[in-house]
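Labels for the chains are A, B, C and D, by order of writing; each one numbers its residues from 1.
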Amino acid sequence: MNCTPDEYMTVAAARLLQGSQVCFVGIGLPSAACNLARLTHAPDLVLIYESGTIGTRPTVLPLSIGDGELALTATCVVPLPEVFSHYLQAGRVDVGFLGAAQIDRYGNLNTTVIGPYDAPHTRLPGAGGAPEIAAHARQTFVMLRATTRSCVEKLDFRTSAGYLDGHGARARSAAPGLGPRALITDFGMLAPHPLDDELQLSALFEGVSRDQARAAVGWPLRCADDVAAIAPPTAAELAVLRDLQQRTREAHQRPVSIPLG
Amino acid sequence: MNCTPDEYMTVAAARLLQGSQVCFVGIGLPSAACNLARLTHAPDLVLIYESGTIGTRPTVLPLSIGDGELALTATCVVPLPEVFSHYLQAGRVDVGFLGAAQIDRYGNLNTTVIGPYDAPHTRLPGAGGAPEIAAHARQTFVMLRATTRSCVEKLDFRTSAGYLDGHGARARSAAPGLGPRALITDFGMLAPHPLDDELQLSALFEGVSRDQARAAVGWPLRCADDVAAIAPPTAAELAVLRDLQQRTREAHQRPVSIPLG
Amino acid sequence: MPLMTLDEAIGTLVHEGDCVALEGFTHLIPFAAGHEIIRQRRRNLHLVRMTPDLIYDQMIGMGCARALSFSWGGNPGVGSLHRLRDAVENQWPQPLKLCEHSHAGLAAAYCAGAARLPFGVLRGYLDNDLAGHNPAVRRVACPFTGRQLAAVAAINPDVTILHAQTADRRGNVAIHGIVGAAREAALAAGRVIVTVEEIVDELAPAMNAIVLPHWVVTATVLCRGGAYPSYAQGHYQRDNAFYQRWDQISRDRAVFSDWMRQHVLQTRDHRAHLDGLRAAA
Amino acid sequence: MPLMTLDEAIGTLVHEGDCVALEGFTHLIPFAAGHEIIRQRRRNLHLVRMTPDLIYDQMIGMGCARALSFSWGGNPGVGSLHRLRDAVENQWPQPLKLCEHSHAGLAAAYCAGAARLPFGVLRGYLDNDLAGHNPAVRRVACPFTGRQLAAVAAINPDVTILHAQTADRRGNVAIHGIVGAAREAALAAGRVIVTVEEIVDELAPAMNAIVLPHWVVTATVLCRGGAYPSYAQGHYQRDNAFYQRWDQISRDRAVFSDWMRQHVLQTRDHRAHLDGLRAAA
């Protein structure tokens, strides 16, 4: 079945979710993956968006993290401070999804700046909820299109901690969560080595070679003893995802009547 | 006009309230005084009960601080932690009402124990909201029936700070509020001396002598240069108060049907 | 979140020696659950409640408690809690260790617990004797201004028990009206039991209402009238006359014990308890 | 709490150099008030907002701001805020000092401000570079456990501006839907301006709804459509297409400046602004 790398990534990420896990969802690919899982094999997933919408079940994907759709379909809407203190910090989130402009071999993330902080070449949006999601969610999944500029030897800025310098450094830190258990990219997945925490190739999309994977990563990529093959999206998965994306596109392009002042 | 000491106290306290002051109200005489003021000369008073009912306008006095009547007639109901952090501690309360089992000459209050803390002769209910009302309300009014056992030389326990040891000690402390500006008793009122903060006789009910006042207070009671006379309750004030009390008695005695389990 | 009976929920989730908070501020006090704890003879509990109210007066008088964390221990608008007083003044039926806060302090301790912070901060406990008698109150300096503030140790009950109006079949719980620190006490706890007036297929769209999501709640129990003589807004009123009558019932150890035997120990469950009260009325 | 016009409220309550928070998380962003600040040429503001969004992109691009406290500065779901980037990367139209938090940190700073505590505590800023670039983040030790936690300096804006659905004639304000940290930002402020979609004689009985009591609000302003292109739940939807179009408008300094001149500076008020957008659509 022909599909785009984004679709492959989204389906691969969705398959990682199961049962009634509580997911802290970000906009973009994570939002698509979580809702795809909810609409297919994991209807009981609990989705939380940082806007305070808890147990939300949107029929179209939100453009922003606080679209009205999220509030209307939520179990409840709580103030943002409570999302972070009473839910995330309290250890009530099973899975956090993160994206980044840069990731290093230990899963540390940069969403702040490219270049020096005080004179950046590129100013990125910044931290948002990520640093504390990275610390407190029982595990995190990172979704990122891999290039040598995104998967780097050294971050320009560490916005969110992964495995720090590896070799158990995170386990010795104050962060209660297990850290990034998977990096889902457009060629397959990386997972931390059990001993030194370095992200290594754990699974490949169909039709992608290990060399292609190595070429997309800016550090010398190691391979797990057993690199699995990730089955392509099924027709059913793709149908649900494309249907969701189509509904979303239509909703976002639907002219909103400008209110009368 | 014949009236009871409680009625005289309640009317005298009610007259201290004005305009749109925000009052943090306790159960008993303060609740009667605040609602009497609201039903007579100060309809814009904002009443807060610690149960989280803000801007409440009960038609009968609550027995407990959290009767349903308070919630039904409130502008809004907020969680109790917010009442104390976002309203009281934030300095948004103009007048706090306090009662006590004991008060000393500097307006410090005891609502905790008579006798030693670890082996009390009488265990009292304890602090409730009082210590922080005493600290943060812009001013407090204390209502207390005076006897030599309630107006004492030395407290058995200091639950809520008044003027501490007097002589400006409170003004030098961390408490932002002005402290107890009036003690309303069943013979008249005491107010702090401007220099040493000692509560002294500032006003008398009609028909009460200074000697009667002195006899009811356990420290050598000084008199202000000018001891005012507090006019007795007017017929109108008494009518509103008695009407309120009558409605309240009826409501509290009205049989509630025990729910079916 | 499983639906349980009350005896099952108390039997499996409340253990000897636990730190237990039955919350609800005047409103929605979980009387039925407290009575079931008495029926099941749980002992050595560390009870936590802002206002112990009649339910803790009963539990203390029946010997369930070794310790009490609280901030105001009276019968609201009536007077003393005589069983609480008897425990503190005369160690009857057993000694009761007090951990005594102000409302603001205990609220901050619950909030810290709900956020899984080890302490809460407030501008409180100023120039009074409370901090000196409670080791759970200390000072902390602001790292920016140097200003001294009060710190209270977080409270994280083993179990928090609430009463609420409504749950849906998944176990989402909706609370309506005065809420006190009930939500924070629940979110601070290791296990959460909620008794409810009714269970519906689906809660009304909540938006900003007070809801405990199903995955926060360990067990939901259908228990009509479960807050009586406290009340459930929209269902039944507070029985203020009962609160006044309790003053007489609780004054005397023998009268109290007889009342508890007849109305709690010898009733099978909360329905029987209420039936008995109705018959006696 | 007086009812004012928007130009009166901004004119009298927002001063040169103020610390100003326009809050509302995606929902209820007070665009009309931001535009009026631009029209009245307020300068040297210290802007505070969790998500600067388009409104701060516009205010920064128009030279209103000397500093920005924030936690996520993008166009949600679209990409960059180009005016914010231009200010940080190229100091255009002037340098912009950043005070950069995470969401959890900025939320804690607002909460501390609302409670008039000098600092907030969180288990955050763990092993990352944020604290090193923000002097408003320090460490504090738990006085009970010795555990190290993050402390953030409280934020108390001179003025907080919100948009809400409804006010009553006394000025009580009701907010419905996603609220973000808007309530804490308002309660932390010295002055509070709220623009609303409608003014009613009396709010519906609120019970547990989100309400700002009238004595917390300095000025209420009737301003229909005041959140557009953000939204007001129950009144109009978020104009996601406009958010996408903004990416093109804001990329180029000249295109941006023309758009602002035509649609903000040269419009008398928000009604004229919306009329202009409708005519152009």
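The rule is simple: a contact is a pair of C-beta atoms (placed from the backbone, for glycine too) under 8 Å apart; a residue touches a chain by one contact, two chains touch by 3 or more.
Not measured: the values here are computed from a predicted model.
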Sorted by label, the chains bordering both chain B and chain D are C
By C-beta contact count, A-C versus A-D, the higher one is A-D
Per the C-alpha means, the centres of chain A and chain C lie apart by a whole-Å value of 41
Rounded to the nearest Å, the gap separating the Cα centres of chain B and chain C is 27
Contacts with two or more other chains occur in chain C at residues 115-117, 122-123, 177, 179, 207-210, 233
Each of the following residues of chain A touches two or more other chains, namely 71-72, 77, 85, 89
Per the touch criterion, the pairs are A-C, A-D, B-C, B-D, C-D
Listed in rising order, chain B residues that touch chain C in their complex are 27-28, 50-53, 62-68, 70-72, 77, 79-81, 84-85, 88-89, 112, 117, 120-132, 135-136, 157-161, 164, 170, 173-175, 251-261
Per the touch rule above, chain A residues touching chain C in the complex are 20, 22, 46, 54-55, 71-72, 74-77, 85-86, 89-92
Residue positions on chain C within touch of chain B in the complex are 25-27, 32, 50-51, 70-74, 76-78, 80-81, 84-85, 88-89, 100-104, 107-108, 110-111, 122-130, 133, 148, 177-181, 183-184, 223-226, 228, 231-233, 235-244, 269-275, 277-278, 281
In their shared complex, chain C is touched by residues of chain D numbered 115-119, 121-123, 136, 138-140, 142-145, 147, 149, 151, 153, 175-177, 179, 207-210, 233
Per the touch rule, the chain D residues reaching chain B in their complex are 114-117, 172, 187, 203, 205-211, 213-216
